[in-house]
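What follows is a pair of complexes built around chain A, which joins chain B in one and chain C in the other.
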Partner chain A sequence: MSDSAAGTLPEERSGSLLRKVAWHWRYDEKRELWIGWWTLVVFYNLYGLLFFVITRTQPPPQPSLSPAEIAQWFADRHHGLLYGYAIVSIVGGATAVMNATLAYSMRRMSVSRAFAYSYLVIYALATLPGMLIMGVVCSVGAMRPDRDPALMSWLYDFAFLSFEGTMGVFLIGSLVWMAAVLLDENRVFPKWFGYLNLCNALTEVVVAPAWIFQDGVFAWDGEIAWWINMGVFVTYTTVFLTLLRRLILREDFGTGPLPELSQ
Partner chain B sequence: MSRADGERILLWTLPVVGVVWLSAFLLFPGFVQPMSPTMSAEEVAAFYRDPENLPRIRASMILFNWFAVGLIPILALIVLQIRRMAHRTPIFSYSLLACAAGGPTIFLMANLFWLLAAFRPTRDPQLTLMFNDLAWVTFSTQVGFLIAQSVILALAIYLDRQQRPVFGRWVAHFNLVVAALLVPAAFAGTAMTGPIAWDGLLTFWVRNIAIGVWIVVMAVVLARAISRQRADEAVAA
Partner chain C sequence: MTTAAKAQHRFVPGQPDMWAFVLFEALVFTAYFVVYVVCRTRSLDLFLQSQAHLDLRVGVFHTLVLLASSWFVARCVQAARERSFRAALTNAYLTMLFGFVFLVSKVLEWAAKLDEGFGFTTDEFFSFYYFLTAIHFLHLLIGFVALGIAVHQLWSPARRSQELVETCATYWHTIDFLWVLIFALLYVMR
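What follows is the complex of A and B.
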């Protein structure tokens, strides 16, 4: 994984994972970047596990449930919501390291620092509607099963609409990254990745009707507002994790074009 | 006036902010004897309707509303110290900057819920209970940015490999201990009584004292780092 200055350093230890990690911690010049990359990989896997398996809040339930059905929905996942979102609260701050690493990709480009800084601030803000508000509201919904179902229904709407319906941070954030990739002359990312950012931005446009419809393809659980968007998001995330890994392998800590990988 | 002078002015805002926070903490009738999650809707409504409590709730939360962001300049000073460390990339300083807005924003959300509950205390007690729950759950469970802040700072210090590191290694160990002490609070939603509940020993007392101690210790080491930096710059000039 490492391509640290050859010859001058002790050879990378083979053997246990722990010894490998210790070697990188001591000698790898790119350790800060690898810390960022592994945080991204671990976090996205955990995010999937927490939202799809433990809390079972994804895929989202129907917006059109009656208050009694919503109270039942909370009752069915009582422990999952409370423990799952507790873990989300603990690891939520990891997004800071992730966004810093992605901002670094823009800093390595030939573009103005303004792109990296905008991205960093926009995505720092995005953590709240992206998961933390949902965690608080679902916990409040789950903690008192005897709460008036009419209020449970309001908490349910608040949770899912803050999560699905806060669009601007991801819309503008993706467009900032897109513009940076397209303007960059250091070949940090291939140009087609710029257009993939546009696809991700467009998913935030088509989700807007979730604020209006309680049923159908545009509702928050619909084929367009949820299923297509999730497909694009998973593709986008997988692609940028792969490209970011290549960036780190190619990184020479210079300011000019990034060298290509030999082979 | 040098850059370091301006930094010292920012640093000296901390004791002022600290005094305001402590006063607001003591003024809020729901903190000194933390409100229990087992209170019924009627009891919670009565707490907000009590003519003794209501002005104190409003005044303390208005103070917090004004000064909750008071820690951001101090975090910005820590970001600048991280930039002086022997790192290859700005990832740690970027990360801490990304955390800096998170903690205060979350505290402001809790603050809004408390103020909303107090705005019309004659509302249906079920609504007052819900706003009170939202305030306490936000305040208690959302420790993620604070944990990240300490862990990032600890990593940055461990990887600051130069002859005279900016902060001593004990500051990194200290930050990891603080991060660990904040973890139980995240589970406040799972318990209505006991140490994990939002009025419990771990979630309320240990966590809030850990945050207080972190602020004091970091202010002292920051002041020392800044004055050392100032001395170094004077010699270099």
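What follows is the complex of A and C.
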């Protein structure tokens, strides 16, 4: 039997951050949930750093670049793409822990387990086109800069259309989460978060024209298909990370309504 | 606090959570509208020429139909507050009917425009026309789910949550509000 179960849980150590972390690692019964939550926070920050700063694949470049410009685009990012996506391939597996944490929120609700399972499967699928395929294809382009520009164009289109292709997955994932939140009677999340999921789902639909347009606001780099959508997604992500943190703080490992945090 | 006292203390009709949705959707659509206006300013002649191919009378008809549906959903809420559930159900069905008329009429308008050779990729104005009307159409389809929930609540004495009925009505009014703005931008603004 653990110390916690025996009722002899030692007091949380005061002192250095390291001591606090060590205490939580050893005694905190919510340890796995906090690991999952911190994985989410670290991963999303790392994702931003890798995609926006190191590989510079986001914000996305214009779809209408000529083959010569595309070859130059790969040449300009040669090291960033190779090093960046090497890191992506190492940390990509963290999505399993992240998805498990998100699915946990649905398992804690009063709704059917089918919601959590659907969410797990659909987001496991999203990792492939949205991150790994795009990473591999961009790395293939960067690896041999002397390749025929026509082939570089092919890789460029493949990489960015693969990335765009995850939007339908996020659409369904958001709707699953929305339905779970609105049907839940355990008050795991506020109802407005359910409606925010609907907002996010609807902006994912708006990405679909990116498959048709190579220029303008509906192209994959356009104001509507990318910028507004990204603004909503960042807001949505910030909100659900905050609410997940509150869920972990409120978690009592029961099956009924979650208690509110004391003031 | 009793249910009646809670009702008196409410700041808005229905769940306040739905109003968060209204606010967020208003912000997202405002962003779409700003992009539209910027593009329109850049290519004013093209937008005016293409806009001339839309029939203002059809736009007015759509607006009146949706305003009527909003009026019926408001009457539905009022009847439910007065515990006249039969009248509330009738008004909910009339809301659905007018929503359906809008949907059919919008599909007919799209079909007519496609027949005339104006598609999604014809020019920038028609890209916006199809985009804004289609995303609104999608919101309206979800509105039918909301009305279905309201009818489900009104149907049985065992349910009849006034808060849910008002929440669904709020969603429906939002669709109407968004349409009025889309109508003004696409059909009226010269």
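Quick note on the criterion: the second predicted complex is superposed on the first by the 255 of 263 C-alpha atoms of A that agree within 3 Å, B and C clash if a C-alpha of one lies under 4 Å from a C-alpha of the other, contacts with A are read in each partner's own complex, and residues count from 1 in each chain.
By our rule, contacts are C-beta pairs under 8 Å (C-beta built on N, C-alpha and C of every residue); 3 or more make two chains touch, one makes a residue touch a chain.
Because the structure is predicted, anything quoted here is derived from the model rather than measured.
In the superposed pair of complexes, A:Tyr27 makes contact with neither chain B nor chain C.
Between chain B and chain C, it is B that contacts the larger number of residues in chain A. In the overlay built on the shared chain, the residue A:Leu196 is in contact with chain C alone; chain B does not reach it.
Of the two partner chains, chain C is the only one that A:Ile228 touches; chain B does not reach it.
In the overlay built on the shared chain, the residue A:Phe213 is in contact with chain C alone; chain B does not reach it.
Once the two complexes are overlaid on the shared chain, A:Val140 sits against chain B while remaining clear of chain C.
Contacts of A:Val205 after superposition on the shared chain: chain C is touched, whereas chain B is not.
Note for the complex: chain C touches chain A at residues 15-18, 20-21, 24-25, 28, 31-32, 35, 39, 120-121, 124, 127, 131, 135, 138-139, 142. Those residues of chain A lying in contact with chain B across their complex are 29-33, 35-36, 79, 82-83, 85-97, 99-101, 103-104, 107, 116, 120-121, 123-125, 127-128, 132-133, 135-137, 139-140, 142-144, 147-148, 151, 155, 253. Within the complex, the chain A residues that touch chain C are 190-192, 194-196, 198-199, 202-203, 205-206, 209, 212-213, 216-218, 223-224, 228, 231-232.
Those residues of chain B whose C-beta lies close enough to touch chain A in the complex are 37, 87-92, 94-99, 101-102, 105-106, 109, 126-127, 129-130, 133-134, 137-138, 141-149, 151-152, 155, 159, 183, 186-190, 192.
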